[in-house]
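Labels A, B, C, D and E are assigned to the chains in the order they are written; within every chain, residues are numbered from 1.
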Amino acid sequence: DIKLAVTTSFHNSGLSDVLLPAIKEDLDLTVKLLVVGTGQALRLGQAGDVDAILVHSRQAEEAFLAAGYGTHRREIMYNDFVLIGPKDDPAGIQHAANATEALQKIAQSKQKFVSRGDDSGTHKKERALWKAADLADVSGQSWYRAAGAGMGATLNTASGMNAYVMADRASWLNFGNKGDLALLFAGDPVLFNQYAFIPVNPELHPHVKTALVEKLENWLTGAHAEQLISSYKINGELLFTFNAKP
Amino acid sequence: MKCWGFCRMNEITQGLYEAARLIFSLDSDLLEIVGLSLRVTLTAVVIASAIGLPLGAWLVINRFRFRRATIAVMNALMGLPPVVVGLLVYMLLSRSGPFGVLDLLFTPTAMIIAQVIIILPLIASISHQTIRDLWAEYHDLLISLGASRRQRIMALLWDGRRALLTAMLAGFGRGIGEVGAIMIVGGNIDHSTRVLTTAISLETGKGNFAFAMGLGFVLIGLAVAVNLLIHTLSRTERASVW
Amino acid sequence: MLQTRLAPADSILPLTLTGAVAKVYGKTIAGPIDLQVTGHGTTIVLGPNGSGKTTLLRLMHGLQRVRKGSVTWALPDTQARLRQSYVFQSPIMMRRRVADSIAYPLILRGMPRKQARAKAIEWAQEFGLGAALDRPAPVLSGGEKQKLSLARALISGPDILFLDEPCANLDGRATREIETLLARAQAGGTRIVMSTHDMGQARRLASEVVFMLGGKVHETGPAQDFFNGPKTPQAVAFINGDIVE
Amino acid sequence: MKCWGFCRMNEITQGLYEAARLIFSLDSDLLEIVGLSLRVTLTAVVIASAIGLPLGAWLVINRFRFRRATIAVMNALMGLPPVVVGLLVYMLLSRSGPFGVLDLLFTPTAMIIAQVIIILPLIASISHQTIRDLWAEYHDLLISLGASRRQRIMALLWDGRRALLTAMLAGFGRGIGEVGAIMIVGGNIDHSTRVLTTAISLETGKGNFAFAMGLGFVLIGLAVAVNLLIHTLSRTERASVW
Amino acid sequence: MLQTRLAPADSILPLTLTGAVAKVYGKTIAGPIDLQVTGHGTTIVLGPNGSGKTTLLRLMHGLQRVRKGSVTWALPDTQARLRQSYVFQSPIMMRRRVADSIAYPLILRGMPRKQARAKAIEWAQEFGLGAALDRPAPVLSGGEKQKLSLARALISGPDILFLDEPCANLDGRATREIETLLARAQAGGTRIVMSTHDMGQARRLASEVVFMLGGKVHETGPAQDFFNGPKTPQAVAFINGDIVE
């Protein structure tokens, strides 16, 4: 068996429940999933406590590789981020032209916005978007609430507050406590969310199971994985787009 | 830089350093978080004690049909998982819940409510045990003097006050270190409902282990300070029963 | 002089035991007992160790559950409760100071704390505890504890006072003083029921004797008759300090 | 379907239904999770009691310079935040930590270690308090009989066993409901280190409140069952001190 | 017949108190006391309530800390410890059954549990507790508790036995029986130091008297001399049951 650290958003999508049994069947390999924050996943990899990681935070991933903690980065699939908010959309982001405009509308109307606030991949993306919208200083605003929690907890908070929130599509679709929230904005290409697989460097940690990791990587980028990922739907919606290069 | 299998230990040292830095710089964010932690937990302990201590005493002096079962359930509720309590309080306080109109969700009040629920069984159980021994000693006398139920409870609580402190301190400990419930009902919102434990949890998720440890040491230091203060004030260790 | 009785109006007496039985986990430890305590005077309960003296007193006072038969007062139980006092064989000391311990029965009966304490201090002095007022009751000497128990029992001015070997740990002088105080309480209208192993004391105080044996009332009657002409051979033997079984 | 401000309540009802469904279907996943929860916490309670009870007694019968401070610290450690304990154990057991070679991280053993650390101060503090009262009663006799330190501790623990049960049950409660530490050192790995609390946490994150509540009810039921069983076996409520 | 002494070889006596003082929170409650307990016989400690009898016994036995002066045995303290016994004024009952309570000192001294229990049962019967063997000790009657304390103290065959008013709650017959047992223990070589308020008992048992007053040894000497010709007016008054201050 091997240990794989993944982020909460990936696990919340429910895709792992489809992939893991298939891996077990095809490779006779038990993958032990450690569901943690992005930062924590990287630290687990750095310490050699897991054999590989699957995260979505490009900059952090590259820093991880640059420091020599991983061997290489292999893109597997992407999904996208979406903007969620109250059904009646008081900020009116539904008809925004792009993500930048949507965020500006939220800021102008001073509607409550709940941020992950935990330095995760999603949070980093969100911060980049605010910056792109010339609103880098939102964190001081009273309507901007930094929850400092995982995706699920943040969604629960947003649902409780009836506030705007940015989430990855998979987590949103799998989320059971929607309350009065609805998906209001999606589709801007800047919202794409790339997942990548990084094996831990065996030179630093000789005990990692490099051979098994390689097997897993090949499977994840292979045909069966593509077929499973490309057909994984919730409520008729496709969650992930497979984009691994063979 | 080669890691000799002890680089984690460095993180603990680093944590101690972080703690010292935070304390000596009197970081205003830290003060805010510490203040809220103390406010929430101390309030919860006071409320839970006001209910739990008399409840514990009441269960001692009254014999009724399902007394034994009640006590077992009370003991069992010491095991209430914080996350479940958090969920329950969340549902009750949520806008679509029965108390939604009060708009208490994501406020310190909600956190206090959740902590009271978590601490209460602990305080009630331990005080029940303590008072039971005292009641065995006082039973004949208090009955003989014709003390009413209320007077019996008052006498037991007053004369057992030193021992009951342990119950309250256990409640304080459970509360100050708790994270599952207040995360859900408080939301860990920066400058509003963030307390030490939720901050530690956040930093852990970020992978900032040293900083998380630092906050942890601050929390432990805080708990030690509160305990020392209370022990000193109440002079518990001065005399054995007195 | 100390004023004892608070409400010397109607009395809770007579006390009537009809076939009263005390059991522990199904095992009878005393009874069935038929007995009536009326009017004035002092009833002394005698009997060897383990014969049920304490159990009889506790039955009367309502500390021991009546498992068969009945124990009834002239007034309803709730009223009767506050007008009796009991001095335990091994003194029960609350974790309080001496003055507060003696004041406690008064406070229970609604007297303001300050007034109760003042009266308690007066009583403590009368009982030779003047020097120990601020000492925690649990650290008192054996005899001092007995004195505290007596003061605490008498301060509320009970209609009836039960005493379970109250002078067991007292020196000669204290014993005589207590006997004087008891006599005074009795003169004030307090009925006394007391167990003792001190035959001299029994002779001095008794107006009536209850002789217990094996959990039952073996012989009872006026003190005069009992000490001068006991009816049963066991009582004769007991008075002579002989083996009674 | 309009929500009348009570739809949250429905989630609680639904939770009860889920709990019933889970239990009566004897869901094999559930059994596995419940089994692991019990195994981890009971083992931790046994270990923590084996250390904490004698420790509590030892602190009662020995007078030394920093006794009071030691007791205050022990009381304070009842407030050890689980997340910090989790981090600490993680750092020690991590591959790059001093005990990395043992490869214990993300195993039930690691979870037990973390729980022992969390439960120990609670058990030691409560038992210390309980034994203190008994020692006040026994002190003169045991000294007079010339009992050695070990014999004194044994006598106090044995004769106070009924009351010490509360300490152990409090420890059990704290352990079975704990999530912060075992999440970090256990990793909440399906079919390997997932216990009830981490499962509840997971479902809460997914917003599956009904299912989370259902698991919560199972956990509470479990705690009640354990407590009732122990109370019955030990006949605590039969006699007051006996 | 019961065999008492376990190791009647060398004795831990004499016991010497030199300027021994007992304090509580800085307040002297007894002393300074100079006294020597040697050889055979029975020392009776007399004195009014609160005069320091219990404190003196506790000082000797090592239960009360010596704040000034010294209390020394002929053998090192660790050896002396296991060869003394003490019967408390208010019996301390362990939360165990009667037989187990009496067996406990033997078990502490390393005797196998079964053998200890067998011996304890024999002793319990001798002390009139045969019917109470399986009763929890805390529910015994006052007198039964005293008997248990005595049996527990004597079963280990001590060199010296301290008794603090051991017959206070006993009936006439039990008192006489205990006195017989004490006399037998003394004949077997056990030194006895005992406080009592029963002057009759004092006269019957004493070979030496220590008369306490205000925390100090006021008068001491052979029993004969003390009872027939007390040297101080306070002792005269005490013997007559008068007020002593």
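Some notes on this structure:
Criterion: a contact is a pair of C-beta atoms (placed from the backbone, for glycine too) under 8 Å apart; a residue touches a chain by one contact, two chains touch by 3 or more.
Only a predicted model underlies this, so the values are computations on that prediction, with no experimental measurement involved.
Common partners of chain A and chain D, by the touch rule above, are B.
Note: the chain lying farthest from chain C is A, by mean C-alpha position. Once the centre of each chain is set as its mean CA position, chain B and chain D turn out to be 15 Å apart.
Chain B and chain C have Cα centroids lying 47 Å from one another.
Rounded to a whole number, the gap between the C-alpha centres of chain A and chain B is 35 angstrom. Counting partners per residue, chain D has 94, 96-97, 100, 204, 209, 241 as the residues that reach two or more other chains. Residues of chain A found to touch two or more other chains are 36, 47, 150, 153, 156, 159.
Shown for chain E are the residues that touch two or more other chains, of which there are none.
A list of each chain pair in contact follows: A-B, A-D, B-C, B-D, C-E, D-E. The touching residues of chain E, counted against chain D in their complex, run 61-63, 81-82, 84-86, 88, 92, 94-96, 104-105, 108, 136, 138. Residues 24, 47-50, 54, 89-91, 128, 132, 139, 141-144, 147, 164-165, 168-176, 197, 199, 238, 241-244 of chain C touch chain E in their complex. Within the complex, the chain B residues that touch chain A are 8, 90, 93-96, 105-106, 183-184, 187-190, 192, 194, 198-199, 201-202, 204-209.
Listed in rising order, the residues of chain A touching chain D in the complex are 3, 8, 12, 20, 32-36, 47-49, 150-153, 155-156, 159, 174-178, 205, 207. By the touch rule above, chain B contacts chain D in their complex via residues 3, 5-9, 11-12, 67-69, 71-73, 75-84, 86-88, 91-92, 94, 96-98, 100, 121-122, 125-126, 128-130, 132-133, 135-136, 139, 163, 166, 169-170, 172-177, 179-180, 184, 196-197, 200-201, 204, 209, 212-213, 216, 219-220, 223-224, 226-228, 231, 237, 240-241.
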